[in-house]
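Next up: the structures, one after another.
Consider the two complexes below, in which subunit A is the common component and subunit B and subunit C are the respective partners.
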Partner chain A sequence: MKKLTTMVMAGVMASGPALADLVIPDLSYRTGAYAAGGIPFSDGYQDYFNMLNQRDGGVGGEMFRIIECETAYNTERGVECYEATKGEGALVYQPLSTGITYQLIPRATADGIPLHTMGYGRTSAANGEIFSNVFNYPANYWDGASVIINALLDENDGSLEGQKIVLLYHNSAYGREPIRTLEVLSEQHGFELVQLAVDHPGQEQGNQWLTIRRERPDYVIMWGWGVMNQVAVQEAANIRFPMENFIGNWWAGAEHDVIPAGDAANGYRALNMNGLGDMPVFADIQTHVHDAGLAAGDGSNLGSVLYTRGMYAAMLAAEAIRVAQEMHGVAAITPAMMRDGMEALEMTAARMEELGAPGIGPEFSVSCSDHGGTGMAAMQQWNASEQEWVTLTDFIAPDDAVTQPLIEEDSAMFAAENGIEARDCAM
Partner chain B sequence: MPDQLIFAMEVVANGLMTGVMYALVALGFVLIYKASGIFNYAQGVMALFAAMTLVGIQEGRVPFAHLINATFGTEIHHLPWHSVPALLAIALTVLVMIGLAWFVQKVVFHHLVGQEPIILFMATIGLAYFLEGVADLMWGSEIRTLDIGLPQGINTIIDETTFNWFGYGFFIDNLDIVAAIVAAVLVAGLVAFAQYTKQGRAMRAVADDHQAALSVGISLNFVWILVWSLAGFVALVAGTMWGAKSGVQFSLSLIALKALPVLMLGGFTSIPGAIVGGLIIGVGEALFEFIVSSNDIFGAVFGFTLNATENWFAYVLALIFLVFRPQGLFGEKIIERV
Partner chain C sequence: MFYREAGDFKTSYAADNQTFPIAFDRYRYYFVLFIAIAVIPFVVNEYWANALLLPFLIYAIAAIGLNILTGYCGQVSLGTGGFMAVGAYATYKLMTAFPGLDMVTITFLSGFITAGVGVLFGLPSLRIKGFYLAVATLAAQFFLVWLFNRVPWFYNYSASGQINAPERTMFGLAVTGPNAEVWVKYLFCLFFVILLAWVARNLTRGTVGRQWMAIRDMDIAAEIIGVNPLKAKLTAFAISSFYVGISGALLFSVFLGAVEVGEAFGITKSFLVLFMVIIGGLGSIFGSFAGAAFLVLLPVALKVLGVDTLGWPTDIVAHFQLVIVGGLIIFFLIVEPHGLAQLWRLAKEKLRLWPFPH
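On to the complex of A and B.
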């Protein structure tokens, strides 16, 4: 009876007028081919906002209202979700797909709603002078490519001269993102870059791995997603490629990417833009959300790589809201105020510790011209026997001298194509 | 022997193995199309559903656990036993697929007898979405590891033998070898069933002329349930082999895309056609990719190379065959009388 009453009350509340003012749409994908990645991210994203609601009464006295919309990682459905939810007073969108991001950049900019494309989307959106409403902190794909090469330089006494590196990439706009950066770095550091594309969805990679077996590269870097990751890890194990020399980007380094290959995946490495480990904030989520029966999912993903990333994304959004409230002196902020808050965001080690998430990300600050953060990322390695990712390094910086000119060039091209006049951030 | 030739031989060997995997998917389409004239769009999803059910049963999971827990506030995930022996799990999954065949026939196609083929095709599209949703509700969206003892990794005997012959060891995946053996047994079994059993002969009779079969007392209902059950069993085999490679996950349903060029090439009505078509597509796309991605072959002539050609080349190859033989290599000849 108690359950029934609770359900009826929940139904009444859901159908009644909005009780909260900080509206956060969650463009999740819990169904379809990419659900395994979408579920933990969405769980982490929602659980953090719910935890703030339960523990602190929201932020600045305003409660969060989360509107979940299922995209199934489909661009058309993602745009439909945006159109269906923007009128609710949405403060910020996390599109969670490079395809959806490309569609939303002009729409969200016209509507004055900020986008946070955290470690995905259009890399050159880091240039805030051109992309006023798009933010991709703390890191972007070009940073990621540069961080991997910097890590390999460290391991090879500062030289990759004469080495052969294969880039195994998803044959899509997302997968092709790191190519230019790696080409520039290949010329700069004297390594040979071999590019191998894998067609969507990536279930069949036999030919690519035969090529890798013949080419005998020193390293394989992977820009994969979905089933491509699991198959690649299994194929690498099949040809006995040294797993520690196989490195994925941050979308190819979650638990579900390696578990299907079993022990053979041991030693596989991947980048991560967020830290891992037992953080105090997880205990708060457990107490205030999971134990209270308010978890967005079944509670099994708490602390996993993508859950932590989703939670980190929510944390950055909540912090930007707090900054916006302070800047404008109002608790019920508008999307335009949210944009201002995101542009003035500063994440320090002390603040992350205060939030119960020490080391969850690198220290960074956002500005009018820099919407991309420091671009730092850490290297992690899969321990198959313990079934866990182990962080190997501190956050490593990318080579800005390489990535910055590329960002400026690409964003200038976007501005010319779309008739956008660069903002004067010096003012 | 030149290196490129040795590499090409390895590519051909692997292409043959991949072709067998494609043929496994195509077989399910052929069985249903041959017996009922229905192009079953849901065959890929059936492979997904079968593989998910196999893993779910093997891990002792409670079907629809998320739904039950969300509705009643319970915390049920596993049955009292946490694992079921692989063979028993396979047998139970076969029973589930037979149940599904009965459901599909009774609920969907029983009501569509005599409808145009396009209507039946549309019904299978609906069935695909329905099954995908049911699979999600039953077992969840997480990626599951399929462990029924199938070997994986390089076959060392072939590696060492070819190394002794050519100075370069060929890579052949043990899983692909198992898949080839399973496919051979499956095809032999299907052919024997069709030739030597009463039910098989009834199935062939319906395939040839269902009105004539009906007039001699063959139950169309029974035969169609039988055919959908066999297609379900083939889907289980295909889902198991592909699921062992990538883990059991929702993208498994996309393996159907690989079966289409195989069917176009081999014909929709021939079991040997599915096998030969699969082998031609497997070898053709692998060899084409090898040639056009090679700096020493294609690159040396044209100054550039191509990559990731497998998906589109399979269709191009099938279309080339279609120009000369619209019914496919082994399809029944289309005779139009005016």
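On to the complex of A and C.
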């Protein structure tokens, strides 16, 4: 074993870092039960950085270097990936997994590396006074739950009194996140909340849908990911549940979730925190990356929902890097500078237009105390005959009066558990 | 030639019965201990500790535990993941309920709690065996995971159902939490590994171990020569669960720091530890270490070779890894059912005779 370790050590040494650069680790998952979602996100994430490298020579004259590491959505492998890549000067981690996020929050904070968990992870990380290194802009799960209820309120003339809403969730930290918000909202608006858990990986849902058929809910809200989404859409079709009353969150609304069910999936709705459509930036990616044979993966995902979201995540990271470079006056920034840049990030409509992605997200700005952004999300609907997601609404605002106290409460609990002093953001 | 046994005489029964009767083996054992205790803590870096050494040590404890039950006592168990979860949740509840308690006590207490749960689920083994027992332990696996998911008391009513290890210190040094130095974590785990491996080795050489092996080889015959199957099977379940519980406790508190029961202690974990035992060698303490090292190192080694050295796409390498592990398990089952430990034993025999084999 000793010999093997020395050999591996030699291997690590030989393949060591090529100095400088803006190092972006991509903790992706292209295998396992969640690969269908992991692949397009990772493709979009990498392609955008590659496009900046090819088109502009990186940001501020510094090139990006992407280190991809396969986690298979497994926390232990995620930790291994984190440890393997952080020594290379990693600027920001985006693990695309709530489980891995929970592992990395204390580690990354201790190591001074920022963590961007865009629309996943620990919701209360939006409180920057407690979570100095964790960002979850532009939206988090509690915003998502609130946005769905707001949209439903809108459709029901402002009242959900006496309605029955089922929450079908992935039985993990990820799926349980919205429960607390929905419980508060159900009390506030007088609807009945029925919680149905689906165990990993989510292929077995017969029992849950039998319950749904018996309960006859007005709406079904889904917090699903991976293979669970496809199965749920199929099961809903099997019991002839009205699709427009079946609403997924933003991780349950991609092409691959609905295509397997064919025409039966028509009308299924889902949230989305990023805009869709034909943006100029896709053309740039096509010319500079795909046509040059540099595409991540097989290059077939360009423009899909999760590809766009991965690209949006990369865009926000690149913007934060630009801000950090301006703030500190150096091109080769450190993770600490990156953190400052993320905290000072401001996305305006004009800037998004400049970046070739008009309307890709809501306008928002990050501050020392608020790491969560506006929390707005749009509703989209699947059109099975055209095989595309149609954005139905503008970005809808969540009810901050509901989510903010919950964030305060949960982050205070985290601070007490871990002995963290709140930062004074007024300074 | 490699083993110079000339002049290595035993003059007492104690000397004749020691674990490493050959002087060369004994010195190598001390040498490995010396490296592990006195050299590695000074040279280890975060990547090596967190990605390789800690999981190796922790899984080695779990593999020893399962080996006691399956390898020595012949009771097939698929509930390892569930018992590890018991250890982890016991640790979490003890850590949060008694913040002043030191980590060694907490870890041992978690082991005892798991042992109790293990005995409970071991009771059916008195009536059923083989496949049927495997299914009964499988039920334990699913029940325990379901329980920790279902009852909020176990995760202190947190919103996400995750448990997080708060920071705890020993002798003024953080052992758990993000600020713990890696060498402290390493030594903490090493302490348990050395102690538990030493205990396991001596248990299996003594009366208890011989009773287990008698039950394993033929339970009716064992009963006829006076082995109490109730006592033998339940002690095996208790001690095995004790080990597995400690391993789960360390996995949660020292290694991962945050755990979600379905993901960290699911059925795949039970299989992983079972594969370690099978590849390492049933009924061998060394085999438990070899199996744990093999299955912890293999993915990392393949990743370093495939992704970092050859530049292959990460998904291809990940798929290859599944193929290779699967292939190796089949290979070992066909060619060498006694695992790496047997290969080591054969190699040692050859080396003792070399260069004059008869």
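By our rule, the second predicted complex is superposed on the first by the 408 of 427 C-alpha atoms of A that agree within 3 Å, B and C clash if a C-alpha of one lies under 4 Å from a C-alpha of the other, contacts with A are read in each partner's own complex, and residues count from 1 in each chain.
Quick note on the criterion: a residue touches a chain if its C-beta (ideal position, glycine included) is under 8 Å from a C-beta of that chain, and two chains touch if they have at least 3 such contacts.
Nothing here was measured: the structure is a model prediction, and the numbers come from that model.
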Could you classify subunit B and subunit C on subunit A, in the superposed arrangement, as clash or fit? clash
If you stack the two complexes on chain A, which partner ends up touching A:Asn418: first (subunit B), second (subunit C), both, or neither? second
Can A:Pro358 be said to touch subunit B (first), subunit C (second), both, or neither? neither
After the superposition on A, what does A:Gln234 contact: first (subunit B), second (subunit C), both or neither? first
According to the stated criteria, A:Gly60 is in contact with first (subunit B), second (subunit C), both, or neither; which is it? neither
Applying the touch criterion given at the start, work out whether A:Gly87 contacts subunit B, subunit C, both or neither, answering first, second, both or neither. second
Of the partners subunit B and subunit C, which touch A:Arg30 in the superposed model: first, second, both, neither? both
For A:Gly267, using the defined touch cut-off, is the partner it touches subunit B, subunit C, both, or neither? Pick first, second, both or neither. neither
For the three-chain arrangement built by superposition, which of subunit B and subunit C touches the greater number of subunit A residues? C
Would you sort A:His256 into first (subunit B), second (subunit C), both or neither based on which partner it touches? first
Partner chain(s) touched by A:Gly277 [first = subunit B, second = subunit C, both, neither]: neither
Mind sorting out which residues of subunit A both subunit B and subunit C touch, each in its own complex? 30-31, 35, 39, 171, 197, 199-200
Per the contact definition, I'd like the list of subunit A residues that touch subunit C in the complex. 1-2, 4-5, 8, 11-12, 14-15, 28, 30-31, 35, 39, 68-70, 72, 74-77, 79-80, 83-84, 87, 98-99, 102-103, 105-107, 109-110, 122-123, 171-173, 176-177, 179-180, 197, 199-200, 410, 413, 417-419
In the complex, subunit B touches subunit A at residues 7, 10-11, 14, 17-18, 66, 69, 72-73, 133, 136, 141-147, 152-154, 171, 173, 242, 245-247, 249-255, 258, 286, 289-290, 293, 307-308, 310-311
Residue numbers of subunit A touching subunit B in their complex, please. 3, 30-36, 39, 171, 195-201, 203-204, 206-207, 209-211, 213-214, 226-227, 230-231, 234, 237-240, 256, 259-260, 262, 264, 293, 298
Listed in rising order, subunit C residues that touch subunit A in their complex are 35, 46-47, 50-52, 55, 96, 149, 158-162, 164, 166-167, 177-179, 255-260, 262-264, 266, 290, 293, 297, 299-301, 303-305, 307-309, 313-315, 317-319, 322
